[in-house]
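Naming follows writing order (A, B, C and D), and every chain is counted from residue 1.
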Amino acid sequence: MKKIINHPEAVVEEMLEGVVKAHPQYVRKLEGFNVLVRANGPVNGKVALVSGGGSGHEPSHGGFVGRGMLDGAVAGAVFTSPTPDQVFEAVKAVDGGAGVLLVIKNYTGDIMNFEMAAEMADMESIKVASVVVNDDVAVENSTWTTGRRGIAGTVFIHKIAGAAAEKGMDLDEVKRVAEKTIANVRSMGMSLTPCTVPAAGKPSFELAENEMEVGLGIHGEPGTHRDEIKTADEITTHLVEKILEDIDYSQSEVALLINGLGGTPLMELYIMNRKVSSILAEKGIKVYKTLVGNFMTSLEMAGASVSILKLDEELKELLDATADTPAFTQL
Amino acid sequence: MTRDQLLKVIEEITIVIEENKVHLTDLDQAIGDGDHGINLNRGFRAVKEKLESLRDKDCGTILKTAAMSLISTVGGASGPLYGTAFMKAGAVVAGKEYISVEDSIKMFDEAIQGIIARGKASRGDKTMLDVLVPAFEAWKVAFEEGESTEKASEKMLGAAYQGLEYTKTIIAKKGRANYLGERSIGHQDPGATSSCIILKTIVDVMAKGE
Amino acid sequence: MKKIINHPEAVVEEMLEGVVKAHPQYVRKLEGFNVLVRANGPVNGKVALVSGGGSGHEPSHGGFVGRGMLDGAVAGAVFTSPTPDQVFEAVKAVDGGAGVLLVIKNYTGDIMNFEMAAEMADMESIKVASVVVNDDVAVENSTWTTGRRGIAGTVFIHKIAGAAAEKGMDLDEVKRVAEKTIANVRSMGMSLTPCTVPAAGKPSFELAENEMEVGLGIHGEPGTHRDEIKTADEITTHLVEKILEDIDYSQSEVALLINGLGGTPLMELYIMNRKVSSILAEKGIKVYKTLVGNFMTSLEMAGASVSILKLDEELKELLDATADTPAFTQL
Amino acid sequence: MTRDQLLKVIEEITIVIEENKVHLTDLDQAIGDGDHGINLNRGFRAVKEKLESLRDKDCGTILKTAAMSLISTVGGASGPLYGTAFMKAGAVVAGKEYISVEDSIKMFDEAIQGIIARGKASRGDKTMLDVLVPAFEAWKVAFEEGESTEKASEKMLGAAYQGLEYTKTIIAKKGRANYLGERSIGHQDPGATSSCIILKTIVDVMAKGE
């Protein structure tokens, strides 16, 4: 395991310390909890957004705490959803009186821990609502299973629901906007290498020199299948086709997120974007905005995901709104 | 089972979980995200730190305290599930210093109901329930049929291990392994494994009869 | 070689296509040249900034083309400085009548190619000035050698000289500010893994599981020495000490850049920042602003560099100025 | 050397550089950034595409065209250096259809002066100059001493290879290898190697006397 760390068990705490030292104008840490909240929060009368999950997805989620996006981010152990008390602490700290929206990614652990936190908040009469992101088309959707995972598309929910809250919408409205975004976003990813959870000390799986994992999540877990490495165009085509099969984007405008998993150079993400945009152009789907970079990572995994969000006028306006956070700033 | 035995059980669990940390994590790397052993070990280490302060508490308080520790340190799927299980089991013996066979049946039942209510899984989904549910049924039936505690324990563990084997043959429908679809077949479920380990530890401590 | 690419020889062109597709509001590509310029440039009457170098350092340099930073970026083959005609084309395209400042990193190739471009511009009576960034303290400075390399600290020159130009300073003034920034910035880097130039197809060097390269540049070349992997705190201490030995930062305010080389998770960069800020705090050096992320990379190399820029009032103001580019935006 | 021989020399150079692409890149990986072979090959491939159009041009135009191709396709350190060398050599024979021995000495000299003016290196810095300078001196002295072209070629190549060997023993003071300090010792300089390869090709074509 090659990492620039001190002790495998200390990575999350030490990282958070480093984040606060780097961005004191944006975030502060709740004493005794692995929770980052806005430096100048809570914002009175504004609906607050709390997200989080296991660590190892940086800049998600702490990097998106700031004006126009999140109010609080809860950091679990690496790839492990945070515990209810931590989430509850975040909720208490960010509530500005207008209620708190929990943005949860669809994993059993996250759902249960955030749900328990919501129950705790309920007992203290803090208004809490929650939405569950499940954008990963790699996984078959079925009522018999846990359903689809939440992956990189979550960033769009942070951005758009964050803008809605900043605009002064109430909790129901912010939740409605978040749910519309969730309904409109689809993602799929692949990887060329595994990653190593510091405390585990060894890679999550092994891949031969000519192999890749396709349809994988963001926790170093294997994907839906393994394949021979293809060209960037072939890989991209596969991801985009799976997404386009899933909902009807025709004649619509979309936002794209070409997301790196942590170990992939930006160069490769842009090469993928070249193909994504040419496929969409062919199909008459208009790209309104594109984000390229490491937004939702799996430690040092080499790989990428593509997310496509179908837009309407409301979503466009919210997507365009000013944001000012450590990892995403928009004028 | 006396309060002291309960404390002993919990202490032993903290030890065997530590011993099985790598094993459980390896199983979770195959079909999950490779943290199950790390998660439980973190949780039971926290429980262990509480043990000293629980020496003269009732069984309910002991279990509830362990539950709270698990809930606030494990995280992931197994944290809320084991936490809820301990919490529900503890409620059955609130204020008691001794756990009767009837209590144990009720505790086991409540624990499972808690896991199901929280996780919305059922038997056959390739989770800890595939160990716990048959183990519980064997335990209950054994007593209904008038078996001794030793015999009941034996049957319970037998059912547990059979359930564990069974997890290898099925597709995961809950938890992270679910995303693997067909690829989850052939792999033993990590949570089912930790459940087996915990049940085995309970039986071992009871057998020693300390 | 595991990469999401199509053809090793096509990576730069395809990447640039992807960049333009992603950020048409920021950049356009000069037809027939691997040059990105501002979408709405040239800016009349403003001094223009051109930087560039080999590719593989993304988001440098194209990612910093936009308001408040660069006007043009020239992309050579991977790790190979661009040719003079390409640089010259950039100069012609961005000149708004107030002259062009070339920001060159101190490598023989870059110097010679940019110098030849400047000679060409001279012949067409375009006012051109240039500055050479040489921030890498790993390399001994000596008049007998090429001197120090330019590495991640270059980003500060882009930001600060870019702000100076945007503010309306003339070419001499912009050059003065750039040179002050160069005089005040020092960097040093290390890596845990090599990287693979696509056209070479194999890693630039080999490292054992317990080894790291220290004092290396940004082209996959080996460093000044090889060492056993240390803890994050030890690694960081070494880098920072080498920097602090070099110029006197005492009592001053500084800007930090904790730069990832492409394959290092943000988590590790923040763990490093924790130590950087604690060392500086101990020495009474005040951190005014911190940037953490992949700013100047070496493809997929796992590793990081630390840059420390000594500030004065002028530099602070320029550092704080608004910037709006694909890879760096500041309100 | 006739114009046709010059074209043949250039064509052969494009071939041997292609053949040595990996070798040169490997050398550059050890002490540089691993692109020297790739760079030169890209450049000479571009030169090759121009060859057809140069069939009836004078030696100066041929060399100048090759120089421009190198300058605008190679990049890195070697692009401007070889480009300048070809450019300066070409200027000596502007308008000429034949290169005399005197011309060749002048061309060689000018090429080296161009490289020095552009790169500000000198002999002993572990660059292509460690091959080119001694090769030039041997070439010049041989003719001054009345040697035949064959003998002069032999001496020139001997000096070139000796210079190449010498690069293994010294610390780089220019180019990227410079940053390696002591670690550059023991490695052969890639640019010195390509220079040897180019000189050898010139001699080979001349020897064939086509």
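General remarks:
Assume a residue touches a chain if its C-beta (ideal position, glycine included) is under 8 Å from a C-beta of that chain, and two chains touch if they have at least 3 such contacts.
In this text, all values refer to a predicted model and were calculated from it rather than measured experimentally.
Common neighbours of chain A and chain D under the contact rule above are C. Using CA-based centroids throughout, the chain positioned farthest away from chain B is D.
Rounded to whole angstrom units, the spacing between the C-alpha centres of chain C and chain D is 32. Put simply, the C-alpha centre of chain B and that of chain C have 54 angstrom between them. For the pair chain A and chain C, the distance between mean C-alpha positions equals 28 Å. Not a single residue position of chain B touches two or more of the other chains. Screening every pair of chains for touch gives A-B, A-C, C-D.
Note for the complex: chain D touches chain C at residues 25, 29-35, 38-39, 42, 71-81, 118-119, 173-176, 178-181, 183. Residues 2-7, 11, 14-19, 21-23, 55-56, 58-59, 63, 192-193, 209, 212, 229, 231-233, 235, 256, 258, 262-274, 277, 287, 290-294, 297, 299-300, 302-304, 322, 324, 326-327, 329-331 of chain C touch chain A in their complex. Chain A makes touch with chain B in their complex at residues 54, 76-86, 107-109, 112-113, 116, 136, 138-140, 144-146, 149, 197, 199-200, 202, 204-205, 217, 219-222, 224-225.
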